Amino acid sequence: MPDPETNPVVDSVPKVNEIAVGEDLAFQRKWWRFERIIWLLFVVILVCDLLGLFGRGWFSKAKCSTPDHALTVDYQRIERASTPSTLTLHFDPSSVQDRHIVVFVSNGLIKSLGARRISPQPAISALSEGGVTYTFDVRSAPTIVEIRLQPQMPGEYAFRIQTAGNAPIRRTVLVVP
Amino acid sequence: MAIFIIARAAFGYMFLVLMVRVVGRRPGKQLTPFEFVLIFYLGGLTLTGMVGSEGSLTNAITQIITVALCHYVLSYLRFRFTTFAKILDGTPLVLMEKSTWRTETLKRVNIQDDDVMHVARQQGIKDLSGIKTAVLESFGEITIVPSRVDEEEKSDPPSSSQ
Amino acid sequence: MGTILRAFGGYLILLIVVRVLKRRAGSQMTMFEFVFIFLMGGVIIPSTVGKDRSVTNCTCAVIAVGFMHRALSWAKSRSPKIGAVLDGVPLVIIKNGEWQKEVVHGMKLRREDVEAAARASGVKSIDDVDYAILERNGGISIFPKEK
């Protein structure tokens, strides 16, 4: 059996009052400065979160509508992954045609942003290229439709919503982890 | 997506390491009951974010392995590089020597003289004049070298606290 | 947004509950106390994060709790009064060999606990104890009588 590897004992630990302490005040001062910066950063993060820079707050709320205000969409500019949220479609009377509202929702919203439920239930949902077309029966307008979202993966996703005979609404949503 | 799960686990671990390091702990031989609760609170909150809505066994095992791997890498780096060990653990700090307080250190680490006295009492030292040197060790404990030992047996190295 | 406020609230609630529960004499934690502590920490977590189980939300909650702890320990180091409120004060159980009845009753101390602490520090009989002090973390420091 070979001898175990050995090394002579060298007293290398710095001394304070003849006691081996190994204090490194110069390093510690640097660390304290770093700590202050970190806490400052933490406060900034908390303030950003309170303002809604990471979603679910004042900053992330957004609204956009078609030029003729037939359709207005309330959505979150910034979403959080695996967190439920609601996207609301406001339909003006001018978007109702023949007692129906026909609205096209792109796959960006259905798949990427994870549309879970649409309420009220549409009378007809028809698959079309790049999305789904919903048809709602309408007695009177204005009215609203809510889409529950729950994005799975972080990333930046574009979506498109369009009612029959109107300009489309195109927006991008940033999903943070 | 597997990569997102692993990234979350790694982030959770690293973030907790940083958090525990900068929050600092109250010195003393043992954690107080509240500090235990705090640890579970911090750990549990991080865990909720790590797991998210994917509570499958595969997910759990992947994340456990990720965390274990992160811990292994960190331990290795700490062993290999002195600077890294200092960053992770901090260095021991002298709180009091030659009957003078290191005011700057005390202020920065939020320690009261009461805390030092508490440890002194556990070693059977009745007042502050009995302390030669008080050191805050990097693992959060305060060790005290009584002044008596030095005078009586100069040849022996001063006994450190248990 | 609500998460940060709930995290602050959760921290304070836990602090008050743990502080109000009488610290058990003798610094050893029993199995039951560990379970209890785990339960308290776990129970408050779902209500803190709510339905938002994203990394962002949980990170913010952790920062809020850490921030709170740091702020309180800063306050403690500045004002001994706040320290006394949050951590309690050391109490003298035995003074010059005499039991302090008020403290013993107030802290629900048992003679056995003090005896155990005395034994742990190498004092054979409780009559040999000069001073016994109940520390803030629940431990008991013993000073034997000088021979």
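A, B and C label the chains in the order they appear, each numbered from 1.
Quick note on the criterion: contacts are C-beta pairs under 8 Å (C-beta built on N, C-alpha and C of every residue); 3 or more make two chains touch, one makes a residue touch a chain.
In this text, all values refer to a predicted model and were calculated from it rather than measured experimentally.
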item	value
Identifier of the chain whose CA centre is least distant from the whole-structure CA centre	B
Result of counting contacting C-beta pairs for A-C and B-C, higher pair	B-C
Chain at maximum distance from chain A, centres defined as averaged CA atoms	C
Centre distance in Å when chain A and chain B are each reduced to the mean of their C-alpha atoms	36
Chain B and chain C: spacing of chain centres that average the CA atoms, whole Å	18
Chain centre separation in whole Å, for chain C relative to chain A (CA means)	40
For chain B, residues that touch 2 or more chains besides their own	8, 22, 52-53
Residue numbers of chain A (touch at least two other chains)	39, 81-82, 177
Residue numbers of chain C (touch at least two other chains)	53-57, 59, 63, 66, 70
Chain A to chain C touching residues, read off their complex	39, 42-43, 45-46, 49-50, 52, 54-57, 80-84, 176-177
In the complex with chain A, residue positions of chain B that touch it	1, 4, 7-8, 18, 22, 52-54, 86-87, 90-94, 97-98, 105, 108, 132-133, 135, 145, 158
For the chain B and chain C complex, residues of the former touching the latter	8, 11-12, 15-16, 19, 22-24, 26, 28-30, 32-34, 36-46, 48-53, 106-107, 110-112, 114, 118, 121-122, 124, 126
Contacting residues of chain A [partner chain B, same complex]	16-19, 21-25, 27-28, 31-32, 35, 38-39, 81-82, 152-154, 177
Residue ranges of chain C in contact with chain A within the complex	1, 3-4, 51-57, 59-60, 63-64, 66-67, 70
